[in-house]
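Input: a single structure, listed below in structure tokens.
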Amino acid sequence: MSRLLKKSKKGGLPPGTLVHVGEKKTEKVRISIIDYDEAHLQEKEAETIEECFPFKEKPTVTWINIDGLHEVKIIENLGKCYGLHPLVLEDIVHTGQRPKMDDYETYIFVVLRMPNYNKENGEIEDEQISLVLGENFIVSFQEKQGDVFDPVRERIRKGKGRIRRTGADYLAYVLADAVVDSYFALLEKIGDEVEKLGEELVSNPTPGTLAGIHRLKSEMILLRKSTWPLREVVGGLERTESRLIQEGTVTYLRDVYDHAVQVIDTVETLREMVSGMLDTYLSSMSNRMNEVMKVLTMIATIFIPITFIAGIYGMNFEYMPELKSHWGYFIALSVMAVIGVWMVIHFKRRRWL
Amino acid sequence: MSRLLKKSKKGGLPPGTLVHVGEKKTEKVRISIIDYDEAHLQEKEAETIEECFPFKEKPTVTWINIDGLHEVKIIENLGKCYGLHPLVLEDIVHTGQRPKMDDYETYIFVVLRMPNYNKENGEIEDEQISLVLGENFIVSFQEKQGDVFDPVRERIRKGKGRIRRTGADYLAYVLADAVVDSYFALLEKIGDEVEKLGEELVSNPTPGTLAGIHRLKSEMILLRKSTWPLREVVGGLERTESRLIQEGTVTYLRDVYDHAVQVIDTVETLREMVSGMLDTYLSSMSNRMNEVMKVLTMIATIFIPITFIAGIYGMNFEYMPELKSHWGYFIALSVMAVIGVWMVIHFKRRRWL
Amino acid sequence: MSRLLKKSKKGGLPPGTLVHVGEKKTEKVRISIIDYDEAHLQEKEAETIEECFPFKEKPTVTWINIDGLHEVKIIENLGKCYGLHPLVLEDIVHTGQRPKMDDYETYIFVVLRMPNYNKENGEIEDEQISLVLGENFIVSFQEKQGDVFDPVRERIRKGKGRIRRTGADYLAYVLADAVVDSYFALLEKIGDEVEKLGEELVSNPTPGTLAGIHRLKSEMILLRKSTWPLREVVGGLERTESRLIQEGTVTYLRDVYDHAVQVIDTVETLREMVSGMLDTYLSSMSNRMNEVMKVLTMIATIFIPITFIAGIYGMNFEYMPELKSHWGYFIALSVMAVIGVWMVIHFKRRRWL
Amino acid sequence: MSRLLKKSKKGGLPPGTLVHVGEKKTEKVRISIIDYDEAHLQEKEAETIEECFPFKEKPTVTWINIDGLHEVKIIENLGKCYGLHPLVLEDIVHTGQRPKMDDYETYIFVVLRMPNYNKENGEIEDEQISLVLGENFIVSFQEKQGDVFDPVRERIRKGKGRIRRTGADYLAYVLADAVVDSYFALLEKIGDEVEKLGEELVSNPTPGTLAGIHRLKSEMILLRKSTWPLREVVGGLERTESRLIQEGTVTYLRDVYDHAVQVIDTVETLREMVSGMLDTYLSSMSNRMNEVMKVLTMIATIFIPITFIAGIYGMNFEYMPELKSHWGYFIALSVMAVIGVWMVIHFKRRRWL
Amino acid sequence: MSRLLKKSKKGGLPPGTLVHVGEKKTEKVRISIIDYDEAHLQEKEAETIEECFPFKEKPTVTWINIDGLHEVKIIENLGKCYGLHPLVLEDIVHTGQRPKMDDYETYIFVVLRMPNYNKENGEIEDEQISLVLGENFIVSFQEKQGDVFDPVRERIRKGKGRIRRTGADYLAYVLADAVVDSYFALLEKIGDEVEKLGEELVSNPTPGTLAGIHRLKSEMILLRKSTWPLREVVGGLERTESRLIQEGTVTYLRDVYDHAVQVIDTVETLREMVSGMLDTYLSSMSNRMNEVMKVLTMIATIFIPITFIAGIYGMNFEYMPELKSHWGYFIALSVMAVIGVWMVIHFKRRRWL
């Protein structure tokens, strides 16, 4: 449940009081800076946040990435330097935000959530990724060190593609694209699980299959909660009239938007398929119950009447003429056999056998 | 049911006839006034409503809080002094309103509902909070004394944050924020209950579990009814073009709006999870029924045929050759054993055992 | 079904051919006129519709109320006098209309439906109320005499509130308000029934409870059909740009709109609660079935095997060594007891007891 | 299924290639012409389509009605004469169109579907009605001769109502109205059936009742498919800014629109009621199953233990002291009776009896 | 599952890096060119993509069709020649796109999906069709050779219809029309299957019927996922204000739009019908279970009591007066018969027989 209801508010404190809300997921805060333009590239691991400030004045694109949010002083100082609104800083450190995009004129604030499949307990966790996109800088905040942005760093270093020739808005697109990509990876894993359960369902359903279906269903509910706002955010970025987003970048954002829509489509489709599997399970279980009942009824219906006949001739009345008859026993056995066979024929006709 | 359908109308009376509709939740009406600007702060408990009137003319921000709505005369006089519309006064004392926001040009009238988890009977109750936001004043109405606004008072007293430097609209934001926060507290409690029931469901489901699920489901229906309009209200405040809301405050209202959306998201997600739990319960019960039926069928299918054989040799026919045979008894026992074992093997093959 | 599908059309006749369609609910048509302004009040029961015509020229507000729609001549003459469109007259006498509002520039035509709980058969009936709002007149049409407008008449007579100081549009608001109020009264009755059924469900569910739930569910479907358009109608009145609605009245119409929304909310919530009750009933019935099956299985599983043992020693084989043994009987009894006790312990472990 | 998926396309042919797609429902194509204005009326059955062409130039209103669509040459020539777009002609002869309205500036093309209850197999069939509304003409196309337009012809002949005084657009309204009216007739029949099934359900449900419910449910799915676009079409006609629709006619079209909405409302309500009936059936069946199980369990629980006792004293052990006792038999009988009575009391307490 | 979640992204690579993502469905890439205007027609199979470039300058309409997407170099070169955006090229070779339409001013990029019923495994596969529509050219991309565009080629060759007289936009319409047509063919096949299953359901339902219903349900979920965006795409083409689409073509696109809506309607209707079939299956199975239970209960209820009586007189008590009676046996038999007959009458009354 902790995943569902991240405590996203500290009650009663005035807005702008920075208190980290959420699990502390990393020990040490790591600040890394990449500063580049087409010709030049500088990379640096900063010890203190103050080392980032000189980059503010430079015309080159500066990307500051901060992993770990529990040292609020760092975020506060950064906020002061870049003139961020207290609510933005609050949203960064309260890590239970819904994905959203807010345009503060001189910068755009974006919150995204990056899902992560925890292999150990089979649960989907997610992490808040906050981005601040300014004129010539991006600050990104992650709850813990991750490797999702590494390919982006690599591309900047190698100067591949458009990334070095364009501004901070293109970098923002690349980062958002990387986050949306992580959903595809997750959905593929879930898709595999759905497929596996689907096969289990057909070949050999066990109570574990049912549990698996219910678990997947819950996961889909939670995943759906985080993917719907994703579309709004990316769509908002694409449609915004902020001068921070250049026209050439809009085409790329539209591409991310298409991917976000595809993620939602796939989540919905998987959800419906899992629901369908539950129906399949229940109806096949109902089928089996029917089979069991038929067996019981057949056995009972064949043997109860003939056992009754045996019971009759087991009575100890002094005067029971049949008992004296030499053929009595065999006649009784024959009658029983006839009844039994008749019942079986009857069941065959009703298609119970 | 009383919670569902608060009598919000008095039939046939002309609008503006003030009659308190709702439960009387407090004995004595309590009127408290806080008047402040950046430099100055005055706090006062008023005996009569007339003591509030002088504050109207002052340029400082005045916050009048009224706990208890059954003395309609007080509300009527206050209304006359501040020029409130009769329908506003009516909505204040009819405590079954749906959350709403009405813009009356010189003031904005807001109705909110504050949920409250009653620990004694496990039900969610809610209380109507009405706010009148004017140029330099706020009047807030509560059905009974509560502690939800205490931290706000504390912040005003201590002069922490922006609250003393800004106008009445910022105070309105702070109060609305406090109300929305109370939903988070409630949802956390419900989330815990859902989690507890979910674990019970897996480990040891009882009829009490089912009752708990049904109760939670009803609670979610009622909670949903009060949270959807909440979003409209806060969204309306954010988008209003009233000159009473300053531009700087809109950013803060957007933040409350985000929280309201998060509340709705969480309510919906909890609702779906509770529905999912009901499905789980029913399917696991169906599973158990299947198990019970299998046991019955197994026992019956093994013993009914062999009991029949015993019945045959219990018949008292004079001429039954097997009875005379020395090994007859043991052969009969063996045949029974063979049938029994064959049945068990059969069941194993069908995976009934 | 007659309630569902009121014949609202006469096939093939040209529009404007006035034929009363619907049940004749009153014997005699009753025409009552109230003419008033702030200073003056005239009340009159008219014998013929022509008596109403002189009031048309007067600057005072005239309210003509007609109970009973089967004498179409009256409606036709009235229509000619006030210049009403043939389709308006048609809609008035075809009493199966959906609530709607049409703006004909010189007048506004409103159709509402007033629900009524029939205590005899427990069904919800409803009646069509048509209103024509002109410059300084209102004509209201009811299918039969009712007392819903009596408090309004009383208020006009006593000159209480704004009613005598304002125009025909305010009177229209008051009448619409009275109709919407009648929904609250009905919903309260339904709410009581839901509560009663809910308690029955917990304490002592009978087949009658199930029937009650299904009946309520049908009622909610029908009620929902008539309440959704209600909101559109009142919302349309509030938003219309017709010069017939003065600005001061819009605030009041917004209030009725809020009430209409509250009615719909409550209908939806009741609907969901009734659906939830059906689920509760079915799952508790499923629970009981489980209990019954467990009892059957327990009895059968304990006694079938030991009855089999009794059957064995009831066989009449000549050579059955156990039968000769002095302790044979008691050993057999003990074995049966052991099997029985072992079964009971087994069931206890499986939590069947 | 043929009803569901009318082949509405001929694969690979260029648009405008006229091939009749659909069932041939009439032998001979019938062309009837009515030409009128306020003073004058001419009626005529045409042998060839060319007889219609002279009417095109006349200022009077011309209504050409064509029953039977399999002779595409007729439609092609008519299209050339009146300058219809190839796609319009294609849509006319491909009789599986969804209701729609297309504005081609000089004429408006409308496709409607007219439902028809086939009494023989109890299925709902529908027929495509195409209308082309021009400046002073209407061409209507029906798949087969029907009597739905007969009352309209009668009204034109008698000169009743507005029909002779107004233009072609009013005639279009009258025809659309006639089509929408046919839905009311159908819904009334379905409503009767729903009512009949509802009563059967309460008094004496049979498997036939269930089949009836499922059949009705399918019918509602198909009916819904054809009624939703109906609203769009009529709404489109009402809102169109084409100069072909005069302002006075718009009021009448709004009336048809209201009826279309009422049709949809009723279809939805019937659909929900039929779904509710299915629930009722299933829950009452579940109830009966419960009853059956209770009877079985009661009988088994009473007799299995006492049969066991009888079995004990049927054993043939040599030393069974009770057997020798003079009162043994009566004591055994009494014990059995006590157990039986105790069971019955037990069941009464559990409310099983 | 592979069908559901086509890997549509290569993680971490910069946009514009062309890597074919998807199954390689054809061995050799086939490039075919058709160049035409009203008077002239040239057809050609190109060996290298460079052969297409000279056509770019010609004023005639050029249609380049490429079957097979795994040789990305071809697509890259084509993209350079026609000035296509890197994202367009990426979308062409990543064959898991959602249908979409993007307007790049000098050309319009359209992605469609063409469904295909695989007869071997009964699954619906689909293939991505990409179209680039420029001033006087169209480039179409298919994953493998197919025959869906053959009738179009034939029409161009024969110069039938408008196709040779109009521009590239009309050709785009014809191609889109061909793709939408392929949905009708598929839906007809599914419709037949639904009908077949429906009949099986009524006459002789087997577990295979249930499996068939579940398979169809999954297919409908997937089909729905691909048809909804289809409507957006065609609607987007119709409403676009691009100068590439001439006014005369819009009418034709509206026709395709109507067909797309009809496809969606049919998919939804089939979906609901399949769901209804599942309900039918489950309720008929429930019915059968009821029948089985009744038989079991009847047999048990008739024979268990009379077997008990037989058991009583099988007891070996020394003093059992009835046993001595001459008529005892016949009286016992009669009592048993009476009980049996009474039970049967009882069941008849309860309508169990």
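As written, the chains take the letters A, B, C, D and E, and residue 1 is the first residue of each chain.
Everything that follows uses one rule, which is that contacts are C-beta pairs under 8 Å (C-beta built on N, C-alpha and C of every residue); 3 or more make two chains touch, one makes a residue touch a chain.
Given the structure is predicted, the values throughout are model-derived calculations rather than measurements.
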Neighbouring chains shared between chain A and chain E, ordered by label: none
Inter-chain centre distance, chain D versus chain E - centres from mean C-alpha coordinates, in Å: 26
Inter-chain centre distance, chain A versus chain D - centres from mean C-alpha coordinates, in Å: 41
Touching two or more other chains - residues of chain D: 286, 289, 293, 296, 300, 304, 307, 311, 314-316, 320
Going round from chain D, first to chain E: chain order: D, E, A, B, C
Residue ranges of chain D in contact with chain C within the complex: 151-152, 154-155, 160-163, 174, 177-178, 181, 184-185, 187-188, 191-192, 194-195, 198, 251-252, 254-255, 258-259, 261-262, 265-266, 268-270, 272-273, 276, 279-280, 283-284, 286-287, 289-290, 293-294, 296-297, 300-301, 304-305, 307-308, 311-312, 314-320, 352
Residue ranges of chain A in contact with chain B within the complex: 1, 4-5, 7-9, 11-17, 85, 87, 91, 96-98, 100, 102, 104, 207, 210, 214, 217-218, 221-222, 225, 278, 281-282, 285-286, 288-289, 292-293, 295-296, 299-300, 303-304, 306-307, 310-311, 313-316, 320, 322-329, 332-333, 336
